[in-house]
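Below are two complexes that have chain A in common, paired first with chain B and then with chain C.
Up next, the complex of A and B:
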């Protein structure tokens, strides 16, 4: 009876075609195969974010009078609340790190080259959405650090030429960072961003499926491969398990702090700094003088950051070489410079 | 031989009309959604003058943040005992400034912007001075007004 039911289910669900697809799918093997796992780890951390986010939603209330108190309630009164919140915060941070490693590995392996330009572009937009997840989620506990980080961040959006004042009002839900901003960021964080990310993620994965993973071989050369299932899938599962171990250790040993409740009429405290992934930008903005030629320094900073991000995003169109095995010395140098800049300025931003 | 020209032209016309219809209805759905997302303009608090507290509560070489309309402002009592008041919103990126009693400067912790006790930028990235307010001490009460 059970066998018949399972057979019926397999027939109607088209399990045979899935089996046959998995039996034929292969993944190239080369010295840098290990970097392939970071895309999967990022996806895994996104799933953790969704699951822990759903749990937090059972208690959290997004108003200035209740946001801080409900997070406090979650971490002090709800059973395992501290762990769920800590896992949510740590997995968000690890997701940004993993997405960045994934991006740089794609860059240095030159996997963005044709025909995979759209995979790179959609991946860059996914990284941007991930950063927006971090930015919007950071405000939700309504603590002092979050309040000023949001003031600064939304004010930076306000410096964008032409659309700046529209963007600032749109993000803040008014002229200042208030309860309206909190409600708005909550909506972005739990509905708009997850919806957009899921759609774009499906597009990204469909393109990876269409064009396959890059092999780094010259065209015509034989490519060593391993079966996707079970060989690659089992390796990926081990990577996920490793990521879960790191996440659990960090969340348990270093529970995410809540800080003090935001007071819109208090000074920004000494030593205030943003999350690690915005530190390089934060420190750069500290260094830019008040006037650069005839323009305000921070406007110059925003314009330069914007142009640099656009240039980085369009890399597949600068580098038109069809062979993945061919080096592009200038772009490799640019990549090394970007990593050095991010690391050095983040460290300086943290310590100074 | 049949002449397909008129049929093809009619088909193109129908396609154009359908496309325009779908486009127009999509825009008509999008427009209210976009307008909904933009917050309505709320008239800013018309406060031109507020009480910043008791004069006796603020010793020389100290400061206090107080609410001026919908924004924070800072009332400073200089080491010499003079009263000064400014907008507490840093002109760099909108953080709220504080008074540093060691350096006798107004300081923004976010990006290390520094202002002297006349609101002028003396260090860091802020592009403009702080907006200055007028301070009146009426009896024991400190009243701050827009200049």
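Up next, the complex of A and C:
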């Protein structure tokens, strides 16, 4: 009876075709295979984010009078609430880190080249959405640091030429960071961004399935492969377990601080700075003189960053070489420079 | 009094029109050198000049004439340099005239001269001592600024130094038989710290206790009242305490007996009790009732302070481990307030009253301590849970790795 039921289910769900697909799918093996796992780790952390986020939603209320108190309630009164909140915050940060490593590994392995241009582009948009997740989520506990960092962040958005003023008002829901901003950021964080990210993630994964992983093999050379299931999946599982271990250790040993409740009428405390992944941009904007030629220095900075990001995003269209060709030294240099710049300026932004 | 109604006309003639009219005093003095040029330079910043008054308002003369003989002729009312003894009266011609002064500052007092005449400065000046301070010694001359102007010598932050110009000058004060170390002592006090370091303009300076225009040293009987004008609660407790009567009988001034006057330092527990350095020992000896009370109060205050310290330490430890103890921290703040209350109640010199506040504080401090202990227990529980989870994760990873190797070997063999 049970066997018949299972057979019926397998027939209707098309398990045979899935089994056949898994039996034939292979993954290339080469010296840089390890970098493949960061895409999977990013996906794993996204799933953790969704699960812990749903648990937090059971208690969290997005109003200036209740946001801080409900987060405080979660971490002090709810059973394992501290762990859920801490895992949510740490996994958000680790997800940004993992997505960045994934992006640079794709860059240095030349995996963005044709025919994978759309995988790169969708990945870049996913990274941008991940940063937006961080930015919108940072405000939700409504604590002092988050409140003033959001002020700084939305001010930076206001520097965008032409649309800046509209963008700042759109993000804040008014002229200042208020309860309207909190409601808006909550909406972005739990509805708009997850929806967009899920759709784009499916698109990204579908394209990866269509074009497969880049093999790095020169043309004519045989491509070494391993079965996707179970060989690659088990390896990926080891990586996920490793990520879980790191995440659990960070969450338990360094529970994410709540700080003090935001007071919109208080003056900004000294040393306000955004989350670490915006530090390099923040510090660079601080270094630019107030006037560059006839333009505001910060506006010039934002324009330059915008152009640089657009240039980076369009790399598959600059580098039109075939997949097998070696990477141009100039591009390797640019990648190394971008990493060095991000690391050095983030460290300087943190310490100064 | 008969001429009072003429005051506005008088002022119009002397000062106000000068804003637009010719002023040969400034024109000539600006062209001179040295001390004679200085008044013309300084007058640009003078509050009187800014309100339309000119030199002639104090010095007389005729500023419409370019001829020095005419402009500075006695016939035109020229007075020259004002004699020091005449300065207060000269200033008071306007500053004691409510009708005139209130046209410029409706809230301004007009009793400065009356007060000055009651002060030691005023009385000595009247007796012919021209070394004592008059209006211009404190407010400056020719560049007189509003008291609220930070550059004014009587701006709260600058006033102590202004008084010290004379009072800390041993040569100047020779013959007056008063100390000259007040300013030096004041700069060690909590009042100076509040004023100069924290920038609290309401903190006491010389004038707060001694008065400004009516400057006089407070007598023994009025010291508690001087201090009590700010420290109201302390004064109320003190006047009801057994010390009040005892001090009165002994001819001792109140607060300054224990806290000193100019060099009032931040009071600590070391002041209270029967150990060396405690001020109680200045009057009390072993065996008397006050000695026992001092010992008892000190012991209870120390007990609360130690309990607060212990609770603070454990909460800090919990916070540095990332534990959320803000509620306990809030409670500890309340317990700290109890310590402050007990220290205030100390001025009743009644051990039972001090004990009441101490008992409340101890209860809250102990509750905060227990919260800290609980947080550390929770931290240890989390760490044990983490260790167990990590062992499980590592074992699972190792198992998966073995499975992967097995699969790879099988694949190699089959290929």
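As a working rule, the second predicted complex is superposed on the first by the 349 of 352 C-alpha atoms of A that agree within 3 Å, B and C clash if a C-alpha of one lies under 4 Å from a C-alpha of the other, contacts with A are read in each partner's own complex, and residues count from 1 in each chain.
The rule is simple: contacts are C-beta pairs under 8 Å (C-beta built on N, C-alpha and C of every residue); 3 or more make two chains touch, one makes a residue touch a chain.
Everything numeric here is computed off the predicted structure, so don't read it as measured data.
Of the two partner chains placed around the shared chain by superposition, neither chain B nor chain C is touched by A:39. Of the two partner chains placed around the shared chain by superposition, neither chain B nor chain C is touched by A:137. Note on chain A: of its two partners chain C and chain B, the one contacting more of its residues is B. Using the contact criterion defined above for the overlaid structures, shared-chain residue A:53 touches neither chain B nor chain C, since it reaches no partner.
In the superposed model, A:267 lies in contact with chain B only, and not with chain C. Look at A:238: by the touch rule set out above, it reaches chain C but stays clear of chain B.
When the two complexes are overlaid on their common chain A, residue A:82 makes contact with chain C while staying clear of chain B. When the shared chain is aligned, no partner comes close enough to touch A:123: not chain B, not chain C. Within chain A, not a single residue is touched by chain B in the first complex and by chain C in the second. For chain C in complex with chain A, the touching residues are 322-324, 326-327, 382-383, 385-386, 389-390, 393-394, 396-397, 400-401, 403-404, 407-408, 411. Residues 72, 75-76, 82-83, 226-227, 230-231, 234-235, 237-238, 241-242, 244-245, 248-249, 252-255, 257-258 of chain A are the ones that touch chain C when the two sit in their complex.
Across the complex, chain B is touched by residues 148, 151-152, 154-156, 166, 169-170, 172-176, 180, 264-272, 282, 285-291, 296-298 of chain A. Contacts from chain B toward chain A in the complex involve residues 37-39, 42, 44, 65-67, 70-72, 74, 88, 92-98, 108-112, 121, 124-127.
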